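Order of writing sets the labels: A, B, C and D. Residues in every chain begin at 1.
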Amino acid sequence: MKRRDFLKNTVVTGTAGVLFDACAPPGSDQIIPILIPEEEFIPGVEEFHPTNCVECPGGCGLLARKMDGRLVKIEGNPAHPISRGASCARGQALPQAMYHPDRVRGPLIREGARGAGQWRNVSWDDAIERLVSELAAVQEDPNNTLAFLTGALRGHRLDMVRRFTSTLEATRHLVHEPFGDGAVLRAHALTTGVEEFFAYDLENANYLVTVGASVLDASRSPVRFGRGVGHLRQGRPGRRGKLVAVQPRLSTTAAAADEWLPARPGSEASLVLALAHVILRDELYDTGFIENRTSGFEEFRARVLADFDPELVAGMAGVSVETLERVATEMAMYGPTIVVAGDAAVTGPRGLGTAVAVDHLNALLGGFGKKGGIFFNQDPPFSEWPSLETVVPAPEALFANLTKESDASSGIRALLISDTNPVHTLPSSAGIDSFLSEIPFVACFTSFVDDTAQMADLILPESTPFERFDDDVPSPSVGIPVATLSAPMFSRPLYDTMSMPDVLLRVAAGLGGTVAEAFPWASYEEALRAAWSGLHAASRGSVAESTERRFWTRALAAGGWWDEDVALNADCLTSDGLYRFELPALESIGLDMTAAGDTSRFTLYVYPSTAFGDGRSAHLPFLQELADPMTSVRWGSVVELNASTASELNISDGDLVEITSDTGSLRVRAQVTQGLRPDVVALSAGQGHGEYGRYARGRGVNPFSLLQATTGSDLSEAPLQATTVRIIKIEETS
Amino acid sequence: MPTWGMSIDLDRCDGCEACVVACRAENNVAPAGPEQAAIGRAVEWMRVERHVEGEFPNVRTRFVPVLCVHCDDAPCVSVCPVSATYENPEGLNAQIHPRCIGTRACAQACPYTVRYFNWGTPKWDAPLEQTINPDVAVRWKGIMEKCTFCVQRIRRAKDEAREDDRPIADGDVQPACAQACPAEAIVFGDLDDPESAVSKLSESPRAERPLEELGTGPRVFYLKEGDWRGSVGPQSSD
Amino acid sequence: MLRPRHGLSDLIFIVRNKSRSNEFLLSFDGKCCKVLHQYCIGWLARAIAVAISGSVVNSSMTREYSTRQLLPSLILLLLGCMLFTGCSKAGASPDQPIAFSHRIHVENQIDCSYCHDYYEDYDVAGMPPVATCVDCHSLMFEEEPTADLEKIFEFADAGTEIPWVRLYELPKYTHFSHKWHVRAELDCQTCHGDIGTSDRAVQHMVYNMDWCMTCHEEQAASVDCLTCHK
Amino acid sequence: MLLAVIAFGGFQWAHQLKEGLIVAGMNQPVYWGLYLTNYVFFIGISHAGTLISAILRLTDAEWRRPITRAAEAITVFALLMGTSNVLWHLGRPELIYIPMLHPQPLSPLIWDVACISVYLMGSITYLYLPLIPDLALLRDRSPRLRWLYRWLSLGWQGTPKQHKLLERAIGFMAVAIIPIAVSVHTVVSWVFAMTLVPMWHSAIFGPYFVVGAIFSGIAALLIAMAILRKAFHLEPFFRPIHFNNLGLLMLTMACLWLYFTFAEHMTVWYGNEPDEVAVLNSRLSGAFSTPFWTMITCCFVIPLCILSFKRTRTIIGTVIASCAVLIGMWLERFIIVISSASYPRSEFMHDGGLYSPALVEIALTAAQFACFALLYIVFAKLFPLVSIWEIKEGDQTELEAELTGTAEARL
């Protein structure tokens, strides 16, 4: 019978196919694969190489597991004070960044129009030659300026850039970091004189209040805060701390919290001051601290008692008076208490006010310098690089402002970009596209052709942390001086890549003159050693060795240097050394927020994604495949709506909706939730890349395209919860 | 001979999903890709389930990391017609890939839904296959796979212990998930050793074994969320 | 507890394996090997082997094989031979890039560990890089240069390794530690046959689970699946 | 026509073999889909013949004589179709023989393999034995294929001794086949009932499945009879009385089936165990409500309305009812397999995908029904679908010429 024959064949071929898949193992019949000439390794024997994580400000120290000459896994460095052997989802996915199929494998020069994505491979010599000539050209005309745009760099990468920008004539160092928490730093500076993230002694705290800051998912240091909160909860037998989250959306942090206060966006500052009001009214504050170590308390008390009665605030914030009273009392009674501000809450017009109010609340509770309280970072005693008679550099400025300046780009002839992706994470209204297009020469240091690199003329492929020398000073830290150090774990990079500082060294040499003199090192490694010699000289801390050479090797092997024995300190660096109850910053805060008049408009709340942060991890398949902790969405994005809102708009789970703001609109599937204020819709940052490798390209939507760029502010470039949007249903779920 | 078990402290767990990716990376679990993941074919030996109760603003949420609980009396073992899944002397419920014929009976029988099927051939876009962990087999299409309690790490730990000829100590073995967890919510060890951290935790009043009523005898147990009572009393800044 | 007894075995081995047990199979052996050398291809060989090993493994405890058990195997085997052409590497002795003689090296009192330097300390025995060859041979002025010796230096100069063709390969889903097998004081011959006394490397046998299990049981080594399966 | 459908099915299967089950619609947690549904369904159908004819034979119901063979044929082919589903269902069909080589006796699937293979053997013999005398008849009368009939009829001469022997054998088989048949479907049900899955883990699953099986079996038989009656002009043999009686039998079964269904769901509803109730709700009002209520209508309402009244219990009526029942029973299998699988213990599976069959599954299902029909027709072409000698035996006055005439007319 025909059918039988036919089937028999299909069976056999099919079977063969199945078996082929089944039995086909990676590797060939040759024995060569287990013999790598340069890198001797023993099959089946694991090596661990210390390295550092650059995905988020956390600055974890990691161990890279190397087997059969390949990087196969990331683990936390058990000795490292920040990670303590743990790591987050993003850290775990890092090996995929190194072996990503779409990595830039060599320097590229643009062919054809900008953004067309046509590139020509060139050698490093040619690339650097091009770079040098462009920069030299810029230097010739005094009206020209050169701009170096970076993310929030840390460690000596930052120092290299600063040194570079300050040695070159008319050069500006611009910074762009979508979730930079600039306001928090400014607030710290105003109140304590320390312009750095505080170190929190979570392990010994009993009460933690986060104002906007999703400390457990994406912002700052999820690993450090995760460990801290875990310890605060169950680390001490018979003593369980409490976590309270103040934010409009039930984030992973709020979900993990014991109590969630869904305050109206923008009302956080008032809410915090209302808590302060209760504490002041009932005189629950830490008198000792207030009297001896603060200034301007009376004015502050007067202001708060006068203006921020819970009765008034409650209505505006949408949190009941009882709750405010209770939480305030608990904070005072069951301390030590820590209050942390961050993310959306510290952006926009009231951002700085919120951050300052939070500092004041901490001060009221006497949190500074107390066990289970707040301490200040201590910098590792690096030795200074040879000082140089510099042209005074223009202060670091926010990128967004520059793009808005009328004749912004006119002066700028060349732009170098590193460790940031403004085209993706700047509000489109900031006019970044036109800005870039007006600049004659744009060069990008990057491992991937992302949204920004797509607009560049020259792409200088960056090595991954596993292929380069690097160091890092984590911030927020844990109060002790910590410096992370990582060395390449391969004898040569996987591809023809070079790390940014090394490129700068070669460019400097190329430019010659004072610039060359400013960079007397042959390699970034040398530069690092020069700086790290200071740690050796200090002869304390985790690595103490007789000779500088042995110190260096030990430090490389240990993955860094830290000093656990140093005494924690919280001495304010203000003029009088006292904590300053700064008032002017609170002016912006009022109770003028009435219920939104136009009920058809909702506040758009943009938050960093657990898996992608601001989007820089979106190119890794492991993270794209990861179901979001709160929305369970994979490989895309959803907009969250409160159930009641959804029913009003007759939107149900999975419907396609259109979100329109004054500056743009986008279409995305809706997800109905109970974990969100009815007057708010929430979109996660990170997705919606136009260009960032095959896994990120065209996945989900980018909320930044809806935001209204703030100008003038030198603290944040986009208000993450001040934009209002309309929502209409486009189509039913299928 | 140890009996391996795990405790997961739901009070510490904050749903960061570090364990999920750590498990993927350690055990060569290939991403299913957007299309397949969308129709429920994503493989996650370790996944974090979310339970949201209540209505705005009084919402309570629990994160529950779910992995194979390595039952003492496993429903999956008895239904397999070819004994491709079995319980080893150390209490691991193992899937022997070359033996599996893909009836998926075990998956259907598992009350925890933690057994995964290779619907198609796992894909690694070159050169991503470079990240494959040589200690763990790469599965192929048509077979089941599941959490192994990182048996390859157990094997290594034993090897080292045997090398310097000592018994394997508590903490020698850490599965990828436990190792990655920032909140230190996951503790792994020998349930037979009364001194091991995990068996101490198993005594905790907060300890509850998932679906114990089914008589599966899970070796993974959860420490349920504690409630905050102001019981600690006013703290002096000691 | 039920212990699965089944492995992807290789055809030839089963046949030879039987050849050791009684002579009915010897003739069978002869035929098959010929057939295979002419026709059989790796993957299908495995497919068939599954069937055969199945019927073999059934009685792996009593090492006897009845005609009845072999019948399905034979049918499958022939089917395979008819459908596919190619050549099985199993049991064969492929031409190596260099005619290397273990005998000579052994006779010169060169210890296994000199070339296979991981064999008693690690999971793999290890293969010598070309450098190791050069080290010795460049010192032996009195040995008359042969074509093969020249090749060594050619490879060395080209900076490439010698592409030895692999004789023994375990499935990727098994974990094997050379170290512990050496420390268990097994003779090299048990697994590698008379390699030490031969001029040409011939695959002594193809390891299949049946064979491993038998030895493990005799030696009272662990027979838990997870000992070897990963 | 049929061949085309089958060929397409085969092609789809080849595709599935190459790509793996990724081309099918199943997912996590619905690991079992259409293939298992068909498997259970066809095995159910298979109860038509053997069980019915055996029971009737033992109870010596005279009216059964013409219909027994038609029934037994259904059994054999349905079984073949049913078991073939295992091939599509397995992740690695190339290893399908392993369960025979290294069975794991604790597994219900192994019990299944055992029972069904026995049942298949049994029912083939049971189909074959009564066929022998007719084969002999054909050997002597048929114009062609005599060699085949000669070979098959094993030199039957119709001597009293042979008759005695045959009667004994048939009698024995009839007795033996009933427990086997019952056991088969019980075991099939145990494949589900032995798990802890909500609404599978139920004690009455065994009898429930058996009843359902007989129910659908009768329906299949009725339809087959009706078609053959038209196709081969068997009006003299398949008389309204048969349809009437079988109709009544089916009615009883319908009531019995409803009783079981009700009992099954009642206990769950009253027990109110959250995970089980989740499944129940999905059937009563949720994702599976449409198939569920269709099933109730097809399996009970329609048969009841048609079959309770003598006036409507005509041939047409019974056939309509039977079609309804077949659809209903298929839906029942579908609901049982899929709905339970779709709602695992909530605490551990939050976002499970709902199941919708893919092209390959539908194609293969169609191919099976086509193949079933094809086999049946071929069988009908080659062998007398009416047990000539039994009828003879039953009614001596019947004119032999007429029989053989029709027989020859057919060949």
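Following the convention adopted for this analysis, a contact is a pair of C-beta atoms (placed from the backbone, for glycine too) under 8 Å apart; a residue touches a chain by one contact, two chains touch by 3 or more.
Owing to the predicted nature of the structure, the values given are computational and were not obtained by experimental measurement.
Undergrad: When B-C is set beside A-B, which has more C-beta pairs in contact?
TA: More C-beta contacts join the chains of A-B.
Undergrad: If you average the CA coordinates per chain, which chain's centre is most distant from that of subunit D?
TA: So the farthest one, by centre of C-alpha atoms, is A.
Undergrad: Would you kindly tell me how far, in whole Å, the mean C-alpha position of subunit C lies from that of subunit B?
TA: 37
Undergrad: Quick one: subunit A and subunit B, Cα centre-to-centre, how many Å?
TA: 30
Undergrad: State, to the nearest whole Å, the distance from the C-alpha centre of subunit A to the C-alpha centre of subunit D.
TA: So the centroids are 64 Å from each other.
Undergrad: Could you give the separation in Å between the centres of subunit C and subunit D, each centre being the mean of its C-alpha atoms?
TA: That gives a centre separation of 51 Å.
Undergrad: Can you list the subunit A residues in contact with two or more other chains?
TA: 15, 18-19, 21-22, 25-26, 43-44, 627, 632
Undergrad: Going through subunit B residue by residue, note those that touch at least 2 other chains and give them in order.
TA: 50, 82-83, 99, 121, 135, 138, 141-142
Undergrad: What positions in subunit D touch 2 or more of the other chains?
TA: In subunit D, 20, 92, 94-95, 98, 102, 104, 106, 350-351 touch at least two other chains.
Undergrad: Once bound in the complex, which stretches of subunit B touch subunit D?
TA: Residue list for subunit B touching subunit D: 36, 39-41, 49-51, 64, 66, 75, 78-83, 99-105, 107-109, 111-114, 116-121, 141-144, 210-211, 214, 216.
Undergrad: Where on subunit C is subunit A touching in the complex?
TA: Of all residues in subunit C, those touching subunit A are 8, 43-44, 46-47, 83-84, 89, 118, 122-124, 126-127, 129, 159, 161, 163-166, 169, 171-172, 177.
Undergrad: Contact residues on subunit C for subunit B in the complex?
TA: Spelled out, the residues of subunit C in touch with subunit B are 1-4, 6-8, 171-173, 175, 177, 180, 224-226, 229-230.
Undergrad: In their shared complex, at which residues does subunit B touch subunit C?
TA: 82-84, 86-89, 92, 94, 96-99, 135-138, 148, 151-152, 155, 159, 162
Undergrad: Show me the residue ranges of subunit B that touch subunit A in the complex, using the header's touch definition.
TA: It comes out as residues 9, 11-18, 20-22, 24-26, 31-34, 37-38, 42, 44, 47-48, 50, 52, 54-57, 59, 61, 63, 121, 125-135, 138, 140-142, 156, 176, 179-185, 223, 226, 228, 230, 232-235, 237-238.
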